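Letters A, B, C and D mark the chains in the order given here, with residues in each chain numbered from 1 onward.
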Amino acid sequence: MVDGVGERTKRVVVPELEDILYDEHKVLDHGFVRVIDYMGSDSSIVQAARVSYGKGTKQVSQDAALIGYLMRNAHTSPFEMCEIKLHVKLPIFVARQWVRHRTASINECSARYSVVENEFYVPEVDKVAEQSTNNAQGRGEPLSPDVARGIIDIFKDNSESMYSCYESMLDRGLAREIARMNLTLNCYTHWYWKVDLHNLLRFIMLRISSGAQYELREYAATILEIVRKWVPMVHEAFTEYCLESKMLSRSALDVIRKLLKGEEVTREDAGMSKREWNELMSVLYPEECVEV
Amino acid sequence: MVDGVGERTKRVVVPELEDILYDEHKVLDHGFVRVIDYMGSDSSIVQAARVSYGKGTKQVSQDAALIGYLMRNAHTSPFEMCEIKLHVKLPIFVARQWVRHRTASINECSARYSVVENEFYVPEVDKVAEQSTNNAQGRGEPLSPDVARGIIDIFKDNSESMYSCYESMLDRGLAREIARMNLTLNCYTHWYWKVDLHNLLRFIMLRISSGAQYELREYAATILEIVRKWVPMVHEAFTEYCLESKMLSRSALDVIRKLLKGEEVTREDAGMSKREWNELMSVLYPEECVEV
Amino acid sequence: MVDGVGERTKRVVVPELEDILYDEHKVLDHGFVRVIDYMGSDSSIVQAARVSYGKGTKQVSQDAALIGYLMRNAHTSPFEMCEIKLHVKLPIFVARQWVRHRTASINECSARYSVVENEFYVPEVDKVAEQSTNNAQGRGEPLSPDVARGIIDIFKDNSESMYSCYESMLDRGLAREIARMNLTLNCYTHWYWKVDLHNLLRFIMLRISSGAQYELREYAATILEIVRKWVPMVHEAFTEYCLESKMLSRSALDVIRKLLKGEEVTREDAGMSKREWNELMSVLYPEECVEV
Amino acid sequence: MVDGVGERTKRVVVPELEDILYDEHKVLDHGFVRVIDYMGSDSSIVQAARVSYGKGTKQVSQDAALIGYLMRNAHTSPFEMCEIKLHVKLPIFVARQWVRHRTASINECSARYSVVENEFYVPEVDKVAEQSTNNAQGRGEPLSPDVARGIIDIFKDNSESMYSCYESMLDRGLAREIARMNLTLNCYTHWYWKVDLHNLLRFIMLRISSGAQYELREYAATILEIVRKWVPMVHEAFTEYCLESKMLSRSALDVIRKLLKGEEVTREDAGMSKREWNELMSVLYPEECVEV
């Protein structure tokens, strides 16, 4: 942070986050994430944990080790002691997924009060992909550039044409709360979103995963970078124990134990579905592409 | 309930609600509300309250009086002891408002997994209204039938034309999760919504009010009827102490006290805004239309 | 705040709250409330409301008026945009009531990890009161000073004697998590409690009322003073529209309307219980003590 | 369930749970868990999932497989569609841990309204254990039977003596809300506790683990048995993917991959703490007791 900027506070301050306060981090074609306010730091988590665990934890002398311990053992309450407020601009279909995370506070721009802006999400050519064949909810390979460009043109034309009808309805005096329903789901909205760190990490965990929709993953990735600046020790522990960890089932652990003894194990022995078995093999032997 | 229908249970049963279980209660042009499951009755609230308040409440001999007492004094936890699960079909722009009530469980039909149905909300002629002049968020008088019918035609044409583009994108192989963003906000979705009675009453209270959007008010009114069948004593107390009650501010109470003493009071004396003063006068003298 | 103290921040700063940051506000004999951290101010609420209500609200030019409007109309979400973290020391029986407010984050000192301190709440003489005769949950008149002092001595002796057994059990090697169950409920604990402003106001509203237990009311009153320093406009609106307002039922409003027309109304006409009628009369004619 | 008992309902019925409805399942010396009401079954989860995932999931033909898939992939919302209401009698120090699970509804017997019963938890001889040396929060080996019996006698004497003071204070007219603070933390209370299945499973997961206090683990184990009767498919998936699964960190996965290649790995190579390394070894080689 540039010296001398801002007012004085006796609260905990995180200079790396102050540096980017209010900055727009671009996401997709017109979206962004901005940090508006925050409360706490790595040290606030340590402080809260030490209230809980008291003198008995003095031997856990290093803060990073304590944070790792908390993360590893699902002692989640100290992570609730940090709070962040973001200003986010995002397409409505993304907002509809986002809002399923209920333990957060939201103030969204209301299309009953204000006229919606003329901005719509249109994917880039290489994001215009076919329906995935092995994942009912996802997208697979990109469509050919020609087809993709054709689809992009349709999105553009439709968004604009719906918006122009919307405007003309308003011109005829129609109430905003009715007119807005003529808009398409790629229309942008924006909101203030305030959440504690524990619930923010859960949001990132679920929405950065390959099963989530690409457009939402982009927001999750941007927010993960903000977390790295804000609470670097938490970021490190989160990577080690969540993002790059793997929950292994009872059956999967049995398979590993047998393999370590040098025994042969087949999918049938393990009683696992093809999908589970393949997932396990890809965790254990990532350099090979084992498909049963 | 027709005798002999269903299985036997030792749980509390509400025959009036059993009678309409799974029935579609129509809302708007294509929407509905269906009761799928429920837990508890008026008696469950009394039972929970008596656990809390124990022997000391025996003198409150009548269940309805006890429920009234709980409602009047904001003893909300016994109302959480009843639960209901609804299946609701509703336009997306209504779903976006609904989901702001966070203390409920939702499973919504996902447009990533399934192809969206070709159904769109189009308002009736007398609901196509102008922007309200005294309420920034609401609608005012209906537009002239001619203008209204013109707008309705635009809604219909646009919804159908966007849906047909959606279908043709799917035909070209585009992933469902991308194609859906071409749809308009009056498109119908449906979900399972499970909520406890306390939070359901808050939902109704906020969404049946004249400040809420007409389309959502219709759902709230339908659900209020379901509440009347399910927990008639709660319905009565809710009407008395919530729906038809009024929160009067410190200043409003001062005005009333002075009026009862026979004193003259002006808006300026009371230190109230025009809007507050008018609201108070319409509560005290509902048959007159006093506007300052 | 003393000039030059603290680090620089670009976040919103509330000097009146900075002045008392980390200070112990004494409550009861050994308890306290300390502000550890905060996020936001009156202006944050206005900012969030303006995101929601957008350009349409520009005419609500004054921040205090906007905050009053939000409070009056139960537009609660902007108040969630402010957050505070308190360090509180309190007797366990008070903590058990406090924790019923679920929408907050807590890190409590754990008696599994740490040896509990030798501190117990003992009421002052004038707070040692008899069971209320007209309120099943409350206390009535103070007992005579002699009886009260006798009871205080019993509390003191018992607390100390239980604590000394606790210590001797620990000396014999007993696990802390077992030994602690020998302590009495007036034993002090302490915790970090983090909550947003909306939920904080609800806590105050419910716990400052005459129906709440005296010992918890003392904490609520202390926190209300903190709110006054932190967000003075909110404090003002909260007093006007919540603390000193009154919810009047449908029947109560009918009574008032008749009285204003000069009609006679009896309790029987109104169909109200004695308790409700007396409450209404005490609101309308506070200087008289009307008991039916 | 005995044929012909109960009323008829069109709701989903689970005969195995009906059989034990209202029964007291004994826990500790005076505690119990009783099922009072429930909503939903395994089939309700499948139904909710199929609303979300629609026609695209028809190939997942078997319900148990679908439930396993949901559990494995943290698709938690369908599990929220089942609800259960329990009546639980438990010592206050256990209630204090239990209530940290906030996403549940509680009506507790209030010691402001009712006189507390004369019942106190006293551990059995083999549960009177020393402070653990390697776990700051837990208990280790049982104390010698003689010491244990001495401690048990102290608990008994103290509980009774405090209760008798409590009674004599009430006899002198002291308000219940004050007198109760003379009681010890092993005093029993009871409450209605209503929770959805997703949050119930989280409760069991955290409270049945070896890190939780023995007395609470006993309740968690009793409730797990109830879950087994209520939703047997969920119970099976929960065992496979939660109770007997293990979250392996990035570093732990690296160790396993190297071991499977036949490489030697040391704790130092792995960059793991002693505790983590020992935990991993005990997962991989459960029959050996490897301590570094």
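Rule of thumb we're sticking to: a residue touches a chain if its C-beta (ideal position, glycine included) is under 8 Å from a C-beta of that chain, and two chains touch if they have at least 3 such contacts.
Since the model is a prediction, treat every value here as computed from it, not as a measurement.
Considering only mean CA positions as chain centres, point out the chain farthest from chain A.
Chain centre farthest from chain A's centre: C.
Once you count every C-beta pair in contact for both, which comes out on top, A-D or A-C?
Most contacts of the two pairs: A-C.
Could you state the distance in Å from the CA-based centre of chain A to that of chain C?
Using C-alpha averages as centres, the distance is 36 Å.
Measuring centre to centre with CA averages, how many angstrom lie between chain A and chain D?
30
Listing for chain C: what residues touch at least two other chains?
53, 56-57, 77, 100, 106, 110, 113, 136-137
Help me check something: in the complex, which residues belonging to chain C touch chain B?
53, 56-57, 65, 72-74, 77, 100, 136-137, 206, 211, 239-241, 244-253, 256-257, 259-260, 273, 276, 283-286
Under the stated contact criterion, what part of chain C meets chain A in this complex?
On the chain C side, the touching residues are 1, 3-13, 18, 21-22, 37-40, 44, 47-49, 51-57, 77-78, 80-81, 83, 85, 87, 105-110, 113-115, 190-192, 194, 196.
Which stretch or stretches of chain C touch chain D in the complex?
It is residues 91-93, 95-96, 99-100, 102-103, 106, 110, 112-113, 121, 123, 127-132, 136-140, 143, 147, 150-151, 154-155, 158, 162, 165, 169-170, 172-178, 180-187, 213 of chain C that touch chain D.
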